[in-house]
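Both of the next two complexes hold chain A, though its partner changes from chain B to chain C.
Up next is the complex of A and B:
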């Protein structure tokens, strides 16, 4: 029960932040794909850097144990195809699963339509699963992380991603100011 | 200086300090706790019988993860129900969630035993293997021959478990022929 309450609190905070960042607005999200609006990229990259640095330093300070964090397995080909399907739906509706719930909560019709599509998609996927099962598990490469893939120490990867993201965020900021 | 810029510089500073802070992945390779492994082998907490595994599967033991370490071809031919196929090379790169009970099995048990040591070395704590592997599964669960002098309650429990998995339990040896107890036809699916 406590876990559910904590999850609900985190979910509400997450949704509130998405809405505050303007990500409940489909034209804004679709604008990212046409390179008109960089909100999505900026929110995603700043969230990524914050979460990465937070997780890394909380582990180093002994607050959490990163070794106990579950790393989902990478299954190359189906995840690649899934990513493309996801991206197609994303640009089509201007919403992703999280933001569709946010849009629905703030009373947008697009949100309701996307959530409905999401549920129907899940149902169809479940029904078609027996025939997709072989593909679902094809080309597995285990729990893959950048340190494991590159062989670089964890901290070096953290530094590299931080520099790349902050650099890109600064460049976007400058480009937007010039526009 | 704006807040955004300050946050960005803060992130950069934390990121650039990261390489000097050591690695979060302690004891990932080569750090074997020899004493703990020897103790587990000694007191038998390293393995579980096929019949016990059967009762766990039937009871839907929370966090149970049955892992077949044989190759995909052998797995496709015959496997323990609910098992997933993770050959040893994939097993070592698989992360297990905390709270999961990993049960390893192979054809006869040797490979599962080796996989058990590997997972222990990788720091997976809750892992056991089926000593006789799939052969044990067939002998103890699917087609068990239950001694006639076995306690009736135990015998019924074992026969029940066998039928749950679609097996054919036989009781005792009378005049050289095992006696097949009353079986129930499975209806529907």
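Up next is the complex of A and C:
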């Protein structure tokens, strides 16, 4: 019960933040891929860096045990192909699964269409799974992380990604100012 | 009421990061969205075909369904308070594109075991290798596909 209350509260905060950022607005999201609007990258990079640094430091301070937080499994080939297919769908729809729910909640027809499409896509997967099973499970490497893969200390990878993301955002800022 | 302008993207991004951090700390997992769609679809697909994928999402999908239910409530509330809640049809041509895009993202997220929030953002913040592979692939495909779809977003 406590778990589901947390899920509901986190969900409300998640939806609120996405909507405030303007991420329920398909032309705005699609604008990222035409370099007209950088909201997607700005929100995503700053959220990723905030959560990554927060998790790292809370673990260091003993508040959160990072070892107990679920890291998604890595299955290289289906995740690479899945990402490519997903990216194409993202530009077609101007929304992703989370933001399609935001668009739906804001009353947008594109949101309803995308939500419907996502259900159909998942249904296709559920029905076609027996013939896709071999590919789905190809090249698994478990809950692999960048520090384990590279042998670099966790903090060094965190610092590297922080510098790369802040650098990218700074470059975007300069480029926007010049336009 | 005229719609209020959107929040500053960096401020919203830090806010989203704090929500994700709270999610890590309180539930031991990241945010998600596609998992709720997988779970809902499994209940339908399970009637016809019982397989490992369907079984996997059939059980234990309630956390994700409740979270996405909350997402819809939170987003609706935020849009309403900002004067952005308005029922509108998709512009002509965009409905079919959104539907097709949704189908592709459904298949892509199912193959990848997550989407922009559950895999790219949440897994990326935890330095998961698959999360970064997925994130780079999705942006690469998006930028490559964009010129072909220019008319849709002109």
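The rule is short, and it goes like this: the second predicted complex is superposed on the first by the 179 of 179 C-alpha atoms of A that agree within 3 Å, B and C clash if a C-alpha of one lies under 4 Å from a C-alpha of the other, contacts with A are read in each partner's own complex, and residues count from 1 in each chain.
Just so we're on the same page, a contact is a pair of C-beta atoms (placed from the backbone, for glycine too) under 8 Å apart; a residue touches a chain by one contact, two chains touch by 3 or more.
Remember, it's a predicted structure, so these values are computed and weren't measured experimentally.
When the two complexes are overlaid on chain A, chain B and chain C sit side by side with no clash. Contact with chain B, but none with chain C, is seen for A:60 once the two complexes are overlaid on the shared chain.
When the two complexes are overlaid on their common chain A, residue A:70 makes contact with chain B and with chain C alike. In the overlay built on the shared chain, the residue A:166 is in contact with chain B alone; chain C does not reach it.
By the touch criterion defined above, A:155 lies against chain B but remains apart from chain C after alignment on the C-alpha atoms of chain A.
In the superposed model, A:9 lies in contact with chain C only, and not with chain B. Of the two partner chains placed by the overlay, chain B and chain C both lie in contact with A:49. Ranking chain B and chain C by residues of chain A touched puts C first. Measuring only between alpha carbons, the smallest separation of chain B from chain C in this overlay is 7 Å. Judged by the document's definition of touching, chain A residues 49-50, 66, 68, 70-71, 73, 141, 143-144, 147, 154, 158, 161, 169 lie at the interface with chain B and also at the interface with chain C. Against chain A, in their complex, chain B makes its touches with residues 4, 8, 11-12, 14-16, 18-26, 28, 90, 92-95, 97-98, 123. Taken in their complex, chain C has these residues touching chain A: 6-7, 9-10, 12-31, 33-34, 37-38, 40-42, 44-46, 48-49, 51-54, 57, 62-64, 66-79, 82, 84-90, 94-146, 149-150, 152-153. Of all the residues in chain A, the ones that touch chain C in their complex are 3-4, 6-22, 24-27, 30-34, 38-39, 42-52, 54-55, 58, 63-64, 66, 68-76, 78-102, 104-110, 112-127, 129-130, 132-133, 135-136, 141, 143-147, 149, 154, 157-158, 161, 169. Here chain A touches chain B in the complex through residues 49-50, 53, 56-57, 59-60, 66-68, 70-71, 73, 140-144, 147-148, 153-156, 158-159, 161-163, 165-166, 169-170, 173, going by the rule given at the top.
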